[in-house]
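What follows is a set of structures to go through.
Two complexes, one shared chain (chain A), two partners (chain B, chain C).
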Partner chain A sequence: MIDIEDLTIKTAADLLSKRQIKAQELTGAFLDRAHKLNKKLNSFITITDDVAIKQAKKVDELIVDNQKLNPLAGIPIGVKDLFSTQGIRTTAGSKVLENYVPVYDATVVSRLKDSGVVIVGKTNQDAWGHGASGENSDFGSTCNPYDLTRVPGGSSSGSAAAVAANLCLAATGTDTGGSIRQPSSFCNLVGLKPTYGRVSRYGIIAMASSLDSIGHITHTVYDNALILNITAGYDQFDSTTSPKPVDDYTKDINRGVKGIKVGLPKEYFESLDPGIGEKIISAVKILEKLGAELFDISLPHTEYGVVTYYIIQPSEVSSNLARYDGIRFGFDREKFGAEAKRRIILGTYTLSAGYYDAYYLKAMKVRRLIREDFEKVFKKVDVLICPTLPTPPFKLGEKITDPLSMYLADIFTVCPSLAGVPSLNLPCGFIGDLPVGMQIIGPDFSEKLLYQVGYAYEQETKWYQKRPDLI
Partner chain B sequence: MNYQPVIGLEVHIELSTKSKMFCSCSADYFGTKPNTHTCPVCLGLPGAMPKANKLAIEFAQKLALALNCQVQLGSKFDRKNYFYPDLPKGFQISQYDLPFSKKGFLIIRVNGSTKKISITRAHLEEDTAKLSHATINGKRVTLIDFNRSGVPLMEVVSEPEMSSAAEAKAYAQKLQQIVRYLEISDADMEKGSMRIEPNVSLRDVSQVSKVPRVPHALPNYKVELKNINSFRFAEKAINYEIERQTQVLKSGKIPHQETRGWDEKNNRTVSQRTKELAHDYRYFPEPDLPPFNCDQVYFSKLQSQIPELPDQKRERFLISYQILESEATLLCQDKYMANFFEETVKAYKGSPKKVVNWITGELLRRLNQTGQGIGDINLLPAQLAELLYFVDQNRITNATAKEIFEKMIQSTKSASELISELDLVLMSQKELEKLTETVIKNNQKAVADFKNDKKESLDFLIGQVQRLSKGKADPALVRQLLLDKLKS
Partner chain C sequence: MKKNPKSVFRLETRSRRAIRNPKSEIDIDYVAKLANLPLTSKEKLTFSRQLQDILGYFSKLGEVDTQKVEPIGHITGLTDIVRDDQTAPSITQEEALKNAPRTHKGFFEVEAIFEEQN
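Showing the complex of A and B:
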């Protein structure tokens, strides 16, 4: 039995290619652990043993056959339950889709499958992606592996918890207003929200279509780049994907940060837990020591981020959830949970005749201003660094009765979403046993640069090596 | 009190692209097995996303140009949100404030005079699925066929500027003609690829503005008519409504604002749904489809691809071929018929008038009988031209030509092949001279009668020659030959 607790994709791929371990053994070890710990964590809605074993077997055959394989071949991953997986139940975390089995794969899923990944399960999440704690899942909350009494963040709650607890080596996620970065921050993980349109949304259950970004969660920056190499790029089935050529994200990842201009947006340091502020500042000091230059900058429309987001997002949600009528698949609308109903009602209101101009249209105008804030600062600096969340992981049940305070957890993540720019969450230490994350935000299609900056910092700190103690 | 009908038309036209509007499923659904032309996109499955059909957009823009619309350089799709079981996504992708075209017009001709009807807008959207109600195992159920879901659909909305059923019919027919000329839809009312929904109300004539260019006030109610699958029904339904609403108004009431359907069994309209409140469709820009921008160069290129339209063709025919207005109108109703005419004239090189007579006579009579179009039958312009030439050359009679024409359509043979095959060539003068001599010899009594001024006996002799020739004698020539011989 191998010890899987310290693995990363890179080290596991190494073991596979040197034939020190078989893909089936690796998969078996992760499946065992997943079954063992899922009761505790509730990070998977469905564990897909049969599919995983079959995929792993195929990879082993290819290895025996001396085929040239992608570094992701044989790597066990989790797939957020918003991603359509052919033949595998896809619930979106909602009882409405408890029995829904898609007839097709999302583009990202088929690209990952083609690269040889092994899907060990569909991860838990806030229903439909609505939430910042995982507590809105109709299949029960997920626990934070670093403190089981606390939330793992959301909405990609199960994806983050599963990777953090070493139940898989990576997991896919979606980020509409922070749903990848936020749980990554709470679970000591690297989470990428790519540029809007860099990764195909086709086949992924839509939350708010003009904001949804498709990313993934890993232990390390390098691992993260490996996955983006597969998922990024134009997709003929998603008209909003960019035809821009895709970088090789792992190439020159160790270039360093010498001369990189890092902006610190003052609005993001104003109202936050003092412990978090210190962590971020000490992180940027490390980057400075490595040769980066620091600048104080301002994103003046930041304060309008949350209100703008909570008009645009529910408006689109109200339309996107209209197809769940129970006629062709799934169950009736009465199965919608409280948060989905809340957003349907909010969005229906903001799109109504007579209110459209005052709400949706106005929010779209503010969105433009927020985007211009970013465009302006990126003329002066290369990347921005700021906290991902104003607080460390909060207690399960602490905010669930107060939707407004839950919405405010998104305060630092919604602006990059509204602007469409990429943002990478990077672990930057612990307060007690609780992880803290920071965001590295860049201009459109600057994922390669974000990885370079993140990699430089990670090499100095290696926070990813601190895994939770679960067994 | 006198009333003036106020009629506007909303026309839906399914575009004849190969694939659907937002996916690659075949759009040719008519008569196919239910739910065989479907995919995650047109079934509205979770995660599926639309991809706009370029050709459908081009078709929509061509129609806009043909309808004299102001085309929009920038355009976008919007979501029209409403619930109905035939709408799988819970919204229809349509166009709201930036349709492909706005403000166009059509010229219609009714009773010899022309009228310009303004077009408010023409936009592109997707068709819905088709519901059918059935009883299965004693249970009443509604079945949904998604083959039609997502088929590209144009909606053309007119201003309420028509004031009779005849005008409304002329408008719809003109629109159908243009669409067919552009070859963007078969616009078949029976198959449902063209659907018209007239809205009808009546205005008090005394309140009609006498000031030019000041728009007339619209009545304070409107009745929409649905379930109309032929021009004839449209005309009937509108006339029925005018009569019905007149009665309501005369009794001092205001007709209900409602949707009424045409009941073809009982020849009347029946109330389907009262519309007290306008639906709130919560339109917003479709976030899955980026807005598009086309430039002037693109539109000039598109304009150059627009064929000659019915009105232009009609004018040209009048001048070039010196035919009657009614004839030109008839010929230009169908682009293929008009082309057939021109091709025949070119090949024939004789009088266009003769070609028109044949087309509007024999050809159209036959097509109307069988319900076929010119494209459905085996007849080339050159074949008809040859036939006319043989008549001109006196090689066959007009009556024989009609017989050959029939046979030509049924086979793929040319006129000359059929003439020789059926031995229908007229006898030569020499052969006829022999025959007339025989007839004179054998009918001495008739000859004597003729000489005694009994002129009708000439007809008897002509008949005898015809009988012997088995109809292959040119009657005029026989008459001449007999007269020559009898007078000598």
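Showing the complex of A and C:
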């Protein structure tokens, strides 16, 4: 049997196109591993053997027929359980939707299916996307493959754990305030939060509609760009998607960083684990050696990011979750878990008559100031580099009883979300056996540049080659 | 809708109080009713306490001067997005009802909301 532990999308696609392996064999190997390790990790809520085998068989037929295929054809992926999948149960990680089987696909899912991906399962997550640890799932916590006593990050917890443990080669995610970047950082993976409106939200269960960004998690930068090539672009079913033309994200990815101006926002280096600060600094030194120029810059409204985010987000959550009444699908509102209830109450309060101006409206004003901070610095520099999280992965159970301390884990990821700009998490080393990640943040629609910078760094370091030891 | 002068007054005083003192007491029963969310008495107690903490933390936003700042809309600046007013195929009635716990002759079935008058 083929060894799948060191594969990336690029190397697997190569094997498939040279007919050294069949899509069905590749899928079978990943499904076996998924079944074997899911008991340990709890990264999938549903494993979709039948669907995967059927999709793989179709790809094999196309290969035999000498059809020209997308590099994603035959690639086993996981889909976060927030994405509607036709005929496959979609729970959002909540018991409210435990029995819900969508009758249509999210736009991203249908685009990925058209490119020939093989869906091996629906990944676990903090219910409705609410959380930074995976512990708010109504289907049990997910473990970090690098240390099973620690959290994988969240809310795309299962997506990150599944890719890190090689149960699939990529997984979709959603990022409202860090839900892709954070678990990617905790699990040594490349995770993209695209510009707001670059990727369609249609068919994805909404969390906070003015913030939700749809991305994905992979081992390498190149793999990540391959997926954005499929998912990015205008969608008539999501009027907030941008009509701007989509780049070819893999083209010129190896252009390098010579002359690229990298800003280091001082506010992001103030209160963090010293080990993490060192990793980020040595990473930017590598980029400097490759020809990038470094600049100290300031984003003065950073300290208001978490407050602003935790007013806007629960407000929009309370509105979006109002539709779950158990009449058209799912169960009634008693089944909401503690965190969803907490956010519904908080958001309902901040939007209620008499408080709207003091909270939501005020926060939307400060949000403008936060965005203007980014607009100003991007007149001087091309990208920003900063930590993704102030600490390495924490222990399961460590923060679950204190919601406010859990919310503060989002301190470095919420500002790019509020500003709407894209941000790429990139692995930048380990503290002991625990992964550390950094963010590369760029102006609106600069995903191509983020990939170029990330790729240059990754070629020098190849942290993705260090996979967890699980069997 | 006709405006009730009494409720407008209530709205203003509340708003002022919230800005001045964001730690003002949260009426959990009122909010739970607005949210149509059934809570146990234990949950009410826990959430009241936790939300009080969080609202206390929110008062930090009072430090930012936003007198001359407009609230932001669509973040990358899209405005007035419309599509052609044309019909297109969608899901069938049968599909729309597929996940409904109770249906009646091709419709969603809900609890009656009016009581019969004797």
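In the analysis below, the second predicted complex is superposed on the first by the 471 of 471 C-alpha atoms of A that agree within 3 Å, B and C clash if a C-alpha of one lies under 4 Å from a C-alpha of the other, contacts with A are read in each partner's own complex, and residues count from 1 in each chain.
Assume a residue touches a chain if its C-beta (ideal position, glycine included) is under 8 Å from a C-beta of that chain, and two chains touch if they have at least 3 such contacts.
Just so we're clear, the structure is a prediction, and the values are computed from it rather than from any experiment.
Asks: Quick one: classify A:203 as touching chain B (first), chain C (second), both or neither.
Replies: first
Asks: With the two complexes superposed on chain A, say which partner A:404 touches: chain B (first), chain C (second), both, or neither.
Replies: In the superposition, A:404 contacts chain C only.
Asks: With both complexes overlaid on chain A, does A:352 touch chain B (first), chain C (second), both or neither?
Replies: In the superposition, A:352 touches chain B and chain C alike.
Asks: May I ask you to decide whether A:195 touches chain B, chain C, both, or neither, giving the answer as first, second, both or neither?
Replies: Touch partner of A:195: chain C, not chain B.
Asks: Once chain A of both complexes is superposed, is A:328 in touch with chain B (first), chain C (second), both, or neither?
Replies: A:328 sits against chain B and chain C alike.
Asks: Is A:371 touching the first partner chain B, the second partner chain C, both, or neither of them?
Replies: The second partner, chain C, only.
Asks: Does chain A have more residues touched by chain B or by chain C?
Replies: Between chain B and chain C, the winner on chain A residue contacts is C.
Asks: Under the contact definition given at the top, report the residues of chain A touching chain B in one complex and chain C in the other.
Replies: Residues 100, 103-104, 210, 236, 239-240, 318, 322, 325, 327-329, 348, 352-353 of chain A touch both chain B and chain C.
Asks: Would you mind writing out the residues of chain A in touch with chain C in their complex?
Replies: 99-101, 103-104, 195-197, 210, 236, 239-240, 242, 301, 303-304, 307-308, 310-311, 318, 322, 325-330, 333-334, 336, 338, 341-342, 344-346, 348-349, 352-355, 357-359, 361-369, 371, 403-404, 407, 419-420, 444-445
Asks: In the complex, go through chain C and note every residue touching chain A.
Replies: Interface residues on chain C, with respect to chain A: 7, 10-15, 18-19, 22, 26, 28, 31-32, 34-39, 43, 47, 50-51, 53-55, 57-58, 60-61, 63-64, 66, 69-72, 74-76, 78, 81, 83, 91, 95-96, 98-101, 108, 110.
Asks: Along chain A, where are the residues that touch chain B in the complex?
Replies: Residue list for chain A touching chain B: 82-84, 90, 92, 97, 100, 102-104, 106, 201-206, 208-210, 236-240, 315-316, 318-319, 321-325, 327-329, 348, 351-353, 356, 360.
Asks: What part of chain B is in contact with chain A in the complex they form?
Replies: The touching residues are 40, 43-52, 79, 81, 83, 85, 88-91, 144, 280, 282-284, 287-290.
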